[in-house]
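Two complexes, one shared chain (chain A), two partners (chain B, chain C).
Entry: the complex of A and B
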């Protein structure tokens, strides 16, 4: 059943179009940055963006920071929201269940397909943005930037200035952390894997909400919109000082905590909390999805 | 093959299926008839474990549903309302996916089984076109093929004739009869009387969620003990058969007599010229209209609000008020 779901996922044109769009956004940003050399100062705007002018190899991190707040959650909500409701609308759900595919089994297979989609999208973004970074922004511009200190981006040369998310390339060629200390290739690989894991888990929280709504309604678009409304609401409250009481429990509160993987030493506090809060959302909403789906009359 | 006891399903305050005791035996071609909204689809979905009963018991292929649905369903081929397929994939890919999704479909024999099923429903020649390019009739055939891929012992078909032209309906009927003679039990629901009477050996009639009739077709259509006679010499025949003629309408007579051959010999022997003579049989339509009220898509008026009648088997000794014979319509009767 899992194989069947993966086949269905990757034979759908939608999967490839969505992934293409997610990869296109960083490309567009890279082109603008490369032609204008205008980036937000460190500590403002999208994370890592100020660093990529010095080193295109850092662009994957900037690209993930670009797609994470909106693009990736939208894609995940659509795929997960469609998973059960889409089959119900198309009429194939009743044939799958009468085949028979156990309801729990179907739900698990759908979840695994969503995870596969998330990983696929993140890896696609990472690889294409790495290529983009190297080809468009160039492998290392540290020297070039240094030669023109008046170009308005000199602030980004100082790694970790003001604790802002920025990184640079040291003279020896090793990537430096946001805190300024150099990282070995092994450390960097570990941290990239940690980042992918963290973002995947964050997206799983979105997927769990959308999957639950997908078992409630027969409208795929309704389920996706419901999940997105939850996220938008959460984002609004995260920036609202008056809502400080509930902020630690909001699903999007720690979404960008993966940036802390690129500090030396790793700042675990927010990362741990992020993993924790997402685990709670995943368990609660998947449990609700299972309880609802397993006892539901299939009338679609 | 299928037994239900006191099966009831309520959606809120609406009783969709009410105390149904279905009995489908091995080898039957069972037709479940009923007006729109009578609960046919809900009943079929309950048999397949898609909808959970409010109360009552279901046994299919010896397994309790829905508890052990996973053991019974691999041997069941189902068509539930319209057929459904992934529109961007070809028919073959759809059948492969559905077969791979559940148990009881060996990967080794998959290709052969799919080709066999496609051939049976008349789609052997389909190309790689995606299903979205199929006509309604082709989709219906593909849905039937999907039901046949695992060579099931029981077919549960909801409105199998939908979307098919007369040729297609005939093809499907022949296919179902052929499968049935090879040992497959066929259970189908339909609101088309002609389809059911042409195909089925047993009939159940559902009305307002109640099973108001369950009987073999032969029993329902057995002679009523009356003979329909058409003759120019109606006056003479009337005198001759004094007391046995129940009704006369011009040249048409309804005679109470269980033996049409004997009656014919007697009339001819007495010089009565007989234009036509036939045993009176009730049509399925008469039987069904007698036991059902108005369809639940009608509102207001009389029939729909009257309490449904309890299950019964109409017998020739208690005929309906105005039985008419096959092919012998009595004008103004």
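Entry: the complex of A and C
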């Protein structure tokens, strides 16, 4: 059942076109940045975009920041919203359930297919943007060890012999964290993997909402729009001071917490909360989807 | 049968949602108990917590309502709005405070007599040699332990102390202490501090003005724990492509450079002058404790620019027979810029005193003859 759903997902041209479009945005941005050398000032605009001219290896982080607010949630909502409602619209749901297939099993298979799509889209963005960053924007332009302080060399400030701190130099890392400390290639890879995991889980929250709505309506677009309306509402409340009491429980409240992977040391507080709140949304909405779908009258 | 099963399934889901929704309410409703302490015992415990090593995450929310003045943007950002901070302290002179935003951070390190500033926006690490005798408020001042200990010291032994009901702060039961300043001239109505009863570490501080029941400044830990000092965290390190510069602490107080060496009176508005900070003889400090204000004398162009900025930022004109002034009034801090008709100087008066007190002081400065202390 799961294999069938995965096969159906990846056989559809729509899946590949959607993933291609998500990957295309960072590519277009990279071409503009590489040709004009214009980026937002550091600390402004999309996260990490100001740093990519210095180091193309950071481009996966910048690319994820570009697609996270709109492109990724829209794609996930469309795919998840289509899961059950799409079968109903096409008139295939009744035949699907006529086979000796339990409804809960079908729901789990649909969920795993959505998870596979989320992971596929995010990994595709990460890999294509890494290639884009290194090939178009170039690798790290770190200065060689031995240059004087102030000229761009990486280093550490170690206490000197007399207790007075002196500027000492050490071999630098691959990129610079938000806290200024260098990150080695291994640390960078670990943090990018952490980011992928965090954004995947964040998108699963969207998928769970859309999947639930997909069991409620026979309109795939209705289910997707319902999930997106929930996200837009959440984003509005996240910026509203008067809604501070409910903000910790909103689905998009911790979406940007993955940036904390790039601080040194990693700031786990919001990352933990982000994982926690998405887990709650996934459990609640999948539970609701199961409660509704398992006993729903199938007419189409 | 199917309907019964459907009802049962929905009951499970709705029951689960209800339990999840109730958890935060139940957690906040849990009773908080702390050991019995006297107000003075808690005060001593808080003051004794200064050397503790800790790490945590804190947020401050300030509504000082200061006008946006040129050269003081960092100050107005700090004292108006939410500041998110990550803190590590090994000792009172060895700590790190990171001010976080969504896509950037500004870090401050103190390693003995040397400080370091990291700004991810400019990608610059700056070494700051020495410590200034006088400086503007900075993020580490808003960390709950630093602020609580400073306020307790400033309040002095004459302040009225009382206990507050305990609260849960950063997941811990915290004992509460209220401080009411002794001086009626202070804009501060009360300072409420909640501290860990065992160690005395302050976890939450609220400052309320005399005119409002809403805190003008609220700072608290949302996460805190004892910390085994780690040099890897307290030592600034630079990644590739970053810049490095060295400065002295006095360079950072550029706003205090080029002050006019005006001779200031021995007392203003009934408050005596205190000794000026070392190397800043031009700075007049009046009053004491939580009822203090400073007087700075700016030369011609700079002073008039500040005056116009304060007016543009919503300050009110002050009518005085001897000069023209602008008053910017906020719940905790009042600020007056006064330009006497008979001088090219402009006086800036600011502090934790009521606007009546500050207006009387400004009027006295406008009326006094222009006299520079050439010995400074």
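Observations on the model:
Here is the rule we go by: the second predicted complex is superposed on the first by the 267 of 300 C-alpha atoms of A that agree within 3 Å, B and C clash if a C-alpha of one lies under 4 Å from a C-alpha of the other, contacts with A are read in each partner's own complex, and residues count from 1 in each chain.
Here, contacts are C-beta pairs under 8 Å (C-beta built on N, C-alpha and C of every residue); 3 or more make two chains touch, one makes a residue touch a chain.
No experiment lies behind these values; they were computed from the predicted model shown.
By the touch criterion defined above, A:27 lies against neither chain B nor chain C after alignment on the C-alpha atoms of chain A. In the superposition on chain A, contact is made by A:11 with chain B only, not with chain C. Of the two partner chains placed by the overlay, only chain C lies in contact with A:54; chain B stays clear of it.
When the two complexes are overlaid on their common chain A, residue A:70 makes contact with neither chain B nor chain C. In the superposition on chain A, contact is made by A:91 with chain B only, not with chain C. Of the two partner chains, neither chain B nor chain C is touched by A:112. When the shared chain is aligned, chain C comes close enough to touch A:283, but chain B does not. In the superposition on chain A, A:216 contacts neither chain B nor chain C. In the superposed model, A:238 lies in contact with neither chain B nor chain C. Across the superposed pair, chain B and chain C both touch chain A at residues 295.
Remark: chain A residues 1, 3-4, 7-8, 11-13, 90-92, 94-102, 295, 297-299 touch chain B in the complex.
Contacts from chain B toward chain A in the complex involve residues 11, 42, 45, 48-52, 69-70, 73-74, 76, 78, 80-89, 93, 97-98, 100-103, 146.
Residues 2-3, 5-6, 9-10, 12-13, 16-17, 20, 24, 57, 86, 98, 100-105, 107, 111-114, 116, 118, 120-123, 125, 127, 222-223, 233, 235-245 of chain C touch chain A in their complex.
Partner chain C is touched in their complex by these residues of chain A: 41-48, 54-55, 140-143, 149-150, 152-159, 163-165, 167, 170, 172-183, 249, 256, 259, 263-265, 267, 269, 280, 283-284, 287-288, 290-292, 294-295.
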